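Before anything else, here is the set of structures, which you'll find just below.
You will see subunit A twice below: alongside subunit B first, and alongside subunit C after that.
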Partner chain A sequence: MIKNQASRLLFVLLVFQTMLYAQSEGMVSIKGSRYLPLYGRDSTVVAVKDFEMDVYPITNSQYVDFIKKYPKWQKSKVISLFADKGYLVNWKSDTELKDSEKPNSPVTYVSWFAAKDYCECQGKRLPTIDEWEYVAMADKTTKDARVKPEYNAEILAWYEAPRTNENTIGLHPENFWGVHDLHGLVWEWTLDFNSVLISGESRKDVDKDNNLFCGSAAVNATDLMNYAAFMRYAIRGSLKAKYSMKNLGFRCVKDIPNEFNSSF
Partner chain B sequence: MKHLKIIFSVLIMTIAFTACNSKTSKNTSEALAVYQCPMQCEGDKMYRVAGSCPVCNMDLKPVEKASKVLETNEISEASIFNLTSKWHTEEGEEIQLKDLKGKTLVMVMIYTSCKAACPRLVADMRNIEAEIPKENLKDLNFVLISIDPETDTPERLKAFAIENLMDDEQWTFLQGTESGVREFANVLAMKYKQISPIDFSHSNIISVFNTKGELIHQQEGLGVNNKDTVDTILELTQ
Partner chain C sequence: MKTILKLMTLILALTMFSCFNNKETEYANTEDIPVNREMLAELTSPPNVPTPIGRRKAKKLIVKMEILEKVGEMTDGVEYMYWTFGGTVPGSFIRTRVGDEVEFHLQNHPDNKLPHNIDMHAVTGPGGGAESSFVAPGHEKVFSFKTLNPGLYVYHCATAPVGMHIANGMYGLILVEPEGGLPPVDKEYYIMQGDFYTKGANGERGLQPFDMQKAVDEKADYVVFNGKVGALTGDNAITAKVGETVRLFVGNGGPGLVSSFHVIGEIFDRVHVEGGDLINENVQTTLIPAGGAAMVEFRVDVPGTFIIVDHSIFRAFNKGALGMLKVEGEENKKIYSGEIRDDIYLPEGPGIQSMPTTDEVVASEIPAKSFEEQMEFGKNAYMQTCFACHQAEGQGIPNAFPPLANSDYLNADVDRAIGIVLRGKTGEITVNGEKYNSVMTRQMLSTDEIANVMTYVYNSWGNSKKVVTKEMVEKVKKSK
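Our next item is the complex of A and B:
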């Protein structure tokens, strides 16, 4: 009898625990850790906390919903401080995509300001570079596949494919975390993309970027992985927040409240 | 049950609107009376005749004429006064950037524990100030924004101001939130990265804004010739 009650209690506890922090819809949880990114703080390991990430990039149809709710992001209403002229050029009106665009393709031609506000309006945020790269270094079976030649070769093959922004989401297999399309579909905005201190004039306007492009890090970059990652960092370094690009979309992440965060 | 649902969804909508839909007040046709849904169900959509909103069925309200008077004062699209982030000054006041309206702004982003470039950037700011005639200073505001809001509290900024003899009227120091700072840096196309708990790498940019908050001039680099910057400021404060 007592044993029965105890096991019932245990059962209730177990059920309750999973209910305490229910995973958000369309997101998967990512278990944080320390890792060595291409460009870390002091070129050393960075710590990533537990968080949740969208399984797919935001699609055109999700963006249509957003824009109907928040008209200030419609292309005729958006202010020039927050988006350049290319913003949503592939839309035929404020709320409609051109007929050639697929609802299930990733939304592109969006500025950082728009992407940031989209996520915030869903109670989420953009991922940091460190978070994005952390999830993106996984392949189907391992968290850190960067040492595997086939992982790198696959990414580079995807990078070579043209006009991938016209594809639909979910065509690439999910990775270890259950996240799709980090590579091979579109580039993605990150919250702190402007922390990549490389630009045409980096020797002039930045006080010390020798731990970025010019210095030792670049010289040490020997394998293909670094080449793919270099491309991503170089693109981030070349962006401005109001730019809208054909092959640049985004996805959101969400913090896991501290009491459920087990990594630190 | 059904009523509850409706009430609930209306509630959600109000919350959603107040939370994120910072009102976009754009110029609209002035001559005729225009009507708009009070809930802005269709955004800024205007109607020429009174009636009810096709989405929520509420009566359309005439759009107030008052906005017309405001128009001369209106913030342009490219103005930094569109940003709604909140900041604390070195005096502990809470402000938004639009509270700085009316003066020519010379802005730079620094952090006070910086040992390398910031002292020189701050010196550059002081050099610029020194070249401006006294009578122009009243129309000017030199604003130093911290990229390290965690360390640079209003108290610390005040101490820094006193220490560097930058505590006069024309100097303002701002502490923001992490996301507010990141957003503002992006407006200036300024890059920065925390490289250790006390150190940042960052671009060295001094930006000049006119009284409406529109970016007029940027000076990049350390110890560069500030003639263009000074000329721009003199032109703006004439």
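Our next item is the complex of A and C:
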């Protein structure tokens, strides 16, 4: 009887807590935790706080709206320091996509600067690598599906499928958190994408060169999970903030204010 | 006057000597070889190689290599997502000479999904260039290196996961010729072996994804030359003429398997072992490590089709590691006679020129009821009895077994043809203008079976569409 009451109380508390903080439109809340990132033999456990994440990547039509509001990101006006020549090459004018592009395909050919500014203009920000990887390691039913062979096989299959950037958002089922399209559509910018090679924070300084080349790939390479992750870290490592790529889009996240953050 | 002349001769001699001397300057250190002028490197797709460097001086050589991820055919009905240097597997052949300063432009096509780089075994420097060439899709990286050591070298992608990038076809060869070039030969070709790991078993149709587990276990579904099954067979075979010297630049991209490279019916006169300076002579099979190469040279003395294999032989006949070198020209009976006779070997003694059998052949149980059945049964009998010599399309084998397709000899006389099947045939005959002198033994076929198989032959491959009945066979049987 007491036990029953206790669980009822817990239930009420849980409901109460989720009601305290109203979820933003088009986003789902992610409950933070500590986890071991996919990549790297010298990785340590990282902590991710509670946050909200966009359910879908930013689409072409959302970006059209953005660009109309913030003309400095139109391709004729953009400062070349912030976007290379590939920026929005699939647009026929400053405010119009080419006819071949679908409005609800993910926006690509955007630089990191543009993506970052987009999110900030919505009162959001780009996810960190740790946040992105944390959400992306879930499949439909579990928070951490990385040990499942079929989870990894699906990700690897995308790497071999051509022209997926032309697909529309939402075709992939939502994962445990209710987020779609982390895998199988486009690569996504992260806030600290270049920390892989440049910063010594996440790894020993002496290792920063060879982690992505021959040596490290040979270590633990029997692990399918590493293979899928290697590719993401490799693509991030190859980027510069002004690059714009056909297969690279983004989505935003939002911090949950500390008073509502239950993780820590 | 005389002294002036003498002086002039001396000066002239000196200048000549110095000119001569200048030409032959040898540098103790290849690093010191000066370069002059710029040149855009000629790149070729396999099995072709660029023109030899000959006597050209060291240059600044500009190499522009484009990376393409694209779907290609592994074998009939099987497709694979190849990652390529220059659009082919193996990648474009790069030909340099010692002392060249290579300015390498690595271009990653914007449609590609992944970043790539290049590690060239000919490069002296960290990562073989890998670190300096790591390039995102839609970008180009430039780095340069000086070729210090002559030899034949493998290049490959070294982006994580390295094994997967190589397994998908990202390898090729770069040749560094010595001063003055390699000795000239008549024909040069580029062959590179690679192993592929697909989700489906060998031959399973459709677009096959890469299978990581099989790759880790080194259980290849395909082992092929030049990226696909049949890249060097049939119309794609490499060719030479009798008397020519052939040089093969052979590489092995791996990722997993070592190649026992062999050309059936040839002995390699010279092998640059492992692509280096060491030359071994009179070699039957040369070992090519994964990530290694060899230069193989031989003179072709007789005509015919020479089969190129990895002599780990199941790879050749079951996984695709099979190519062909077709040599045309005059036969040389002294070196190779061809088949002289096919005699029956009977330990008890000579005399009987037929397969041992009784006269009573069991008649096939179910006689054909219609023309269609005759054709069907006839085809079965053909595939069991006649196919080995006369071949699937009745084309026969030149100089050995006469053709049945479009055969003037066959169509001229039905009874004669029936007689040959009944009793066998020895001696010279002329079929479609070609002379044949072989032995066909009498066949162990029933009267019905002979009628069926001959009807099948007459109604196939452009023959006269005669229908042979049991009665016709009986008639011939009784006639002698």
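Going forward, the second predicted complex is superposed on the first by the 218 of 264 C-alpha atoms of A that agree within 3 Å, B and C clash if a C-alpha of one lies under 4 Å from a C-alpha of the other, contacts with A are read in each partner's own complex, and residues count from 1 in each chain.
Keep this in mind: contacts are C-beta pairs under 8 Å (C-beta built on N, C-alpha and C of every residue); 3 or more make two chains touch, one makes a residue touch a chain.
Here the structure is a predicted model, which is why all the values come from computation and not from measurement.
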Requested in this report: State whether A:72 touches subunit B only (first), subunit C only (second), both chains, or neither.
Outcome: first
Query raised in the report: Which of the two partners, first being subunit B and second being subunit C, lies in contact with A:81: first, second, both, or neither?
Result: first
Query - Contacts of A:227 with subunit B and subunit C, given as first, second, both or neither - result: second
Query raised in the report: For A:194, is the partner it touches subunit B (first), subunit C (second), both, or none of the two (neither)?
Result: first
Query raised in the report: Touching A:243 in the superposition: subunit B (first), subunit C (second), both, neither?
Result: second
Query - Where subunit A meets both subunit C and subunit B, residue numbers - result: 209, 212, 237, 240
**Report entry** subunit A-touching residues of subunit C, taken from the complex the two chains share
**Finding:** 69-71, 81, 110-115, 117, 119, 126-127, 130-131, 134-139, 158-164, 209-210, 212-213, 216
Requested in this report: Write out the stretch or stretches of subunit A touching subunit B in their complex.
Outcome: 41-42, 69-72, 74, 77, 79-82, 112-113, 116-117, 120-121, 191-192, 194-197, 199, 201, 204-209, 211-212, 237, 240-241
**Report entry** Of all residues in subunit B, those that touch subunit A in their complex
**Finding:** 16, 19-22, 24, 26, 40, 42-44, 77-80, 82-83, 116-117, 182-183, 185-187, 189-196, 201-205, 220-222
Query - Residue ranges of subunit A touching subunit C (in the complex, touch as defined) - result: 86, 156-157, 159-163, 187, 209, 212-214, 216-218, 221-222, 224, 226-227, 230-231, 233-235, 237-240, 243-247
